[in-house]
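Before I ask anything, here is the structure I am working with.
Labels run A, B, C and D following the written order; every chain starts at residue 1.
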Amino acid sequence: MNQSVNKTTASQPEAGKVDRDAVARRLARDVEEGWYVNLGVGMPTKVADMIDGDKEVVFHSENGILGMGPGPAPDAIDPWLVNAGKKAVTLLPGSSLFHHGDSFAMIRGGHIDLCVLGAFEVAQNGDLANWTTSSDELLPAVGGAMDLAVGAKRVWVLMQHTAREGEPKLVEKCKYPLTAPGAVDRVYTELGVFEIIDGRFSIIELANGVSFEQVQALTGAPLHGN
Amino acid sequence: MIDKRVASLAQALEGIADGSTVMIGGFGAVGQPDALVDALAELGIKGLTIVANNAGWSAETGIPRLMDLGLVRKIICSFPKGSTVFRELYLAGKIELELVPQGTLAERIRCGGAGVPAFYTPTSVGTPLADGKEHRDFDGRTYVMERALRADVALIEAWKADRWGNLSYRGSGRNFNPIMAMAATLTIAQANEVSTDPIDPEAVVTPGIFINRVVQVESRVEALLAAQRQA
Amino acid sequence: MNQSVNKTTASQPEAGKVDRDAVARRLARDVEEGWYVNLGVGMPTKVADMIDGDKEVVFHSENGILGMGPGPAPDAIDPWLVNAGKKAVTLLPGSSLFHHGDSFAMIRGGHIDLCVLGAFEVAQNGDLANWTTSSDELLPAVGGAMDLAVGAKRVWVLMQHTAREGEPKLVEKCKYPLTAPGAVDRVYTELGVFEIIDGRFSIIELANGVSFEQVQALTGAPLHGN
Amino acid sequence: MIDKRVASLAQALEGIADGSTVMIGGFGAVGQPDALVDALAELGIKGLTIVANNAGWSAETGIPRLMDLGLVRKIICSFPKGSTVFRELYLAGKIELELVPQGTLAERIRCGGAGVPAFYTPTSVGTPLADGKEHRDFDGRTYVMERALRADVALIEAWKADRWGNLSYRGSGRNFNPIMAMAATLTIAQANEVSTDPIDPEAVVTPGIFINRVVQVESRVEALLAAQRQA
């Protein structure tokens, strides 16, 4: 938890060189003390390690944990305690355990302050596509993404600004099947922080050394000042 | 005297018919009633519809083993990735998949046990998973109607059980087990510790009213650790 | 619990002289070991004391108890432990505690094997009227009666055969507002045991010394042999 | 540091507005947040809609006290008998009553907390309480549609609380408290014991996520015993 360095967002826009930790750290700065936070599998899980040590945040795992702590030492693994990615975790003081019915009541009922998810695409109206890249994908799987996207008070997407081949992931309209319409509040990428306001992407901040023109060129929808 | 303990896995599984719908608890490996599922596979009961969060991970055990033996007609789940056996059968058109968002799956099961035949949820609205479902607005927001899920049999895992069928769990091992326990005609629990001493009434998570049979099974710690390494 | 006497149903048909314990004892004889049983407030609560000591039955209270035992000694009262009638109770080994959401999930979900209720009227089609004696009663109250009547696997009514003024309570059609249609399976009174089969009252047994004609005269619907 | 403890009943109740809908836990006297309700009465907040199982029993305390002070516009409950204050106000047309079967009340509250706007139940079908409600058949049985209930404020009682707002209960004191805790915008708990030490994660009944404020209140054992004698 106690990350000594407190750098701002990384400045390298090229795909493949993204400092994922820096983006996660930038997002973590905006997480408020006392929030109940669910982190999606993958890049979002990094956020847990980036929260300032003196800011108490409660991490929720949809398989029935509140107050999840970091992974255990190899000799201290509890085989019965895993996160939503099925990896070993620990419990922090103040934690609680419950079943899936109650866990998704929390999610659907609007009790989670923040959900951080990865995405294939985010549209300027907040539409989120993060569960399947095609409507006839060979083997679809959805997990809890749809419930989290509609249920959390805030949905922040943490992702690389563009896809592997450089295609924009912030778009006017998603081409992939939606996870939820109008769900996303903010997007954090290596190029900046973008808020969805009145159906368009507003720039909250740009990463150091990144110009508006650079970001706009890598974005599939018009960007606006805040 | 009430005593829901049975002496063997075979006794625990007695009376399950071909074509049954079987709920199987667990989230990945944790809370999965592995011994009961493997024993079910040995029985060769056919045409099963499985309700579970995952489609399993290893061909040697659990749900993929049932599938590999050709016993499963259909699976209702939220996250079927990770199982090579399922993938192959599904792509070959030999098994049916009903994909359900995880929270909707949980609530459908909870409603199945609670006598609620249908409910409305915002989850999946505007996505392909809502296609063909009844939509309805409440207070300006759109929801889909979902039907309750029930099963002929639920196989679940607990940490402790007493002779009344009361259960408590360990860590994140609750997951789907307590709600599936409520939603089946015949609920069978495997537990690491089974005792004639009652569980503290304040500590009971699943009251014995939902449980028909309890069988003691030593938990396979190594299998759980292996599943974590694979995650 | 250990009632030494095991009399059959009392034989006095006149109102005011009914041996309520005997009727409760007759019903208790039909309760099977291992059943989960909810007893309504009033006369039905007597059933708990009439169950054979060597027959383990689990009593449910809708305010969140399974495994309820008899009332405590005056010096052993737990102020936080009451039954649905708000009276002090005890817990037996194997009991459990839960909230109202889960308690009525048990009831509505068909998990209670038997519910014993009192009634103002029972109709030959199983209609139950036991919550209010008039559709414009000054102050109505319903509690959990409607949930229990529709949810329990079996609904047995335990009551006096006739009302105070001698009016029949087993009737062709209820005149009072219903608690639930077609809910009742059996009726136990001081005159006998009656099962509802195919929309009519079938006599399971008559109390000692009671003739068919006597019972029929006090019943508002035709009685049938079994 | 997360710390949901507040030092006084006044602080606990801060910010409640006239016209609020207030859920009040308890089944009869057990599990009723008596100190919070009495402190609310002192504040004189008007036009309240109360959601509770009962309408109270004694004019000196609890819900009848709120009513006696003219602060309650409406009550949504299952069993309003036993309160002389309510009876008189109701018969005089000075208070509105929405009578709800107990299980339907519980499920409406649970759905309010779980993001489910409406559900179907068999309870009340064929009775006057189903008048005007939407009926619908599923698999040959008739159900009514019921809407979720939410509140601006929930006042609840627990036995133990920790600084994270985690709660555990005592005896039959859970009743409506855990589900009401989920269904309000602002949930305030009174607890007999409040500690900075965490409650055992396996023993938490209401996770702190549902709780906004916790206040320590010595439980009024004598009042509970008096209510039992009156029952």
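By definition in this document, contacts are C-beta pairs under 8 Å (C-beta built on N, C-alpha and C of every residue); 3 or more make two chains touch, one makes a residue touch a chain.
Just so it is clear, the model here is predicted, and its values are computed rather than measured.
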item	value
Third chains touching both chain D and chain C	B
Separation of chain B from chain C, taking each centre as the mean of its C-alpha atoms, in whole Å	36
Chain B and chain D, separation of their C-alpha mean positions in angstrom	33
Approximate Å spacing (C-alpha centroids) for the pair chain A, chain C	56
Chain A: positions in contact with at least two other chains	97-98, 104-105, 107-108, 151
Residue numbers of chain D (touch at least two other chains)	107, 110, 114-116, 121-122, 169-170, 202
Every chain pair meeting the contact rule	A-B, A-D, B-C, B-D, C-D
Residue numbers on chain D that touch chain B, as the complex places them	107, 111, 114-122, 138-139, 141, 143, 147, 168-170, 202-203
Sites on chain C touched by chain D in the complex	61-65, 77-83, 85-88, 97-101, 103-105, 107-108, 127, 135, 138-147, 150-151, 177-181
Partner chain A, residues of chain D touching it in the complex	1-2, 110, 112-116, 162-164, 166, 182, 198-199, 201-202, 204, 207-210
Chain A contact footprint on chain B (complex, rising order)	27-31, 53, 78-81, 87, 90-91, 99-104, 106-107, 109-110, 121-129, 159, 169-179, 205, 219, 221, 224-225, 227-228, 231
Residues of chain A touching chain D in the complex	33-34, 36, 56, 58, 60, 66-67, 91, 93-98, 104-112, 151
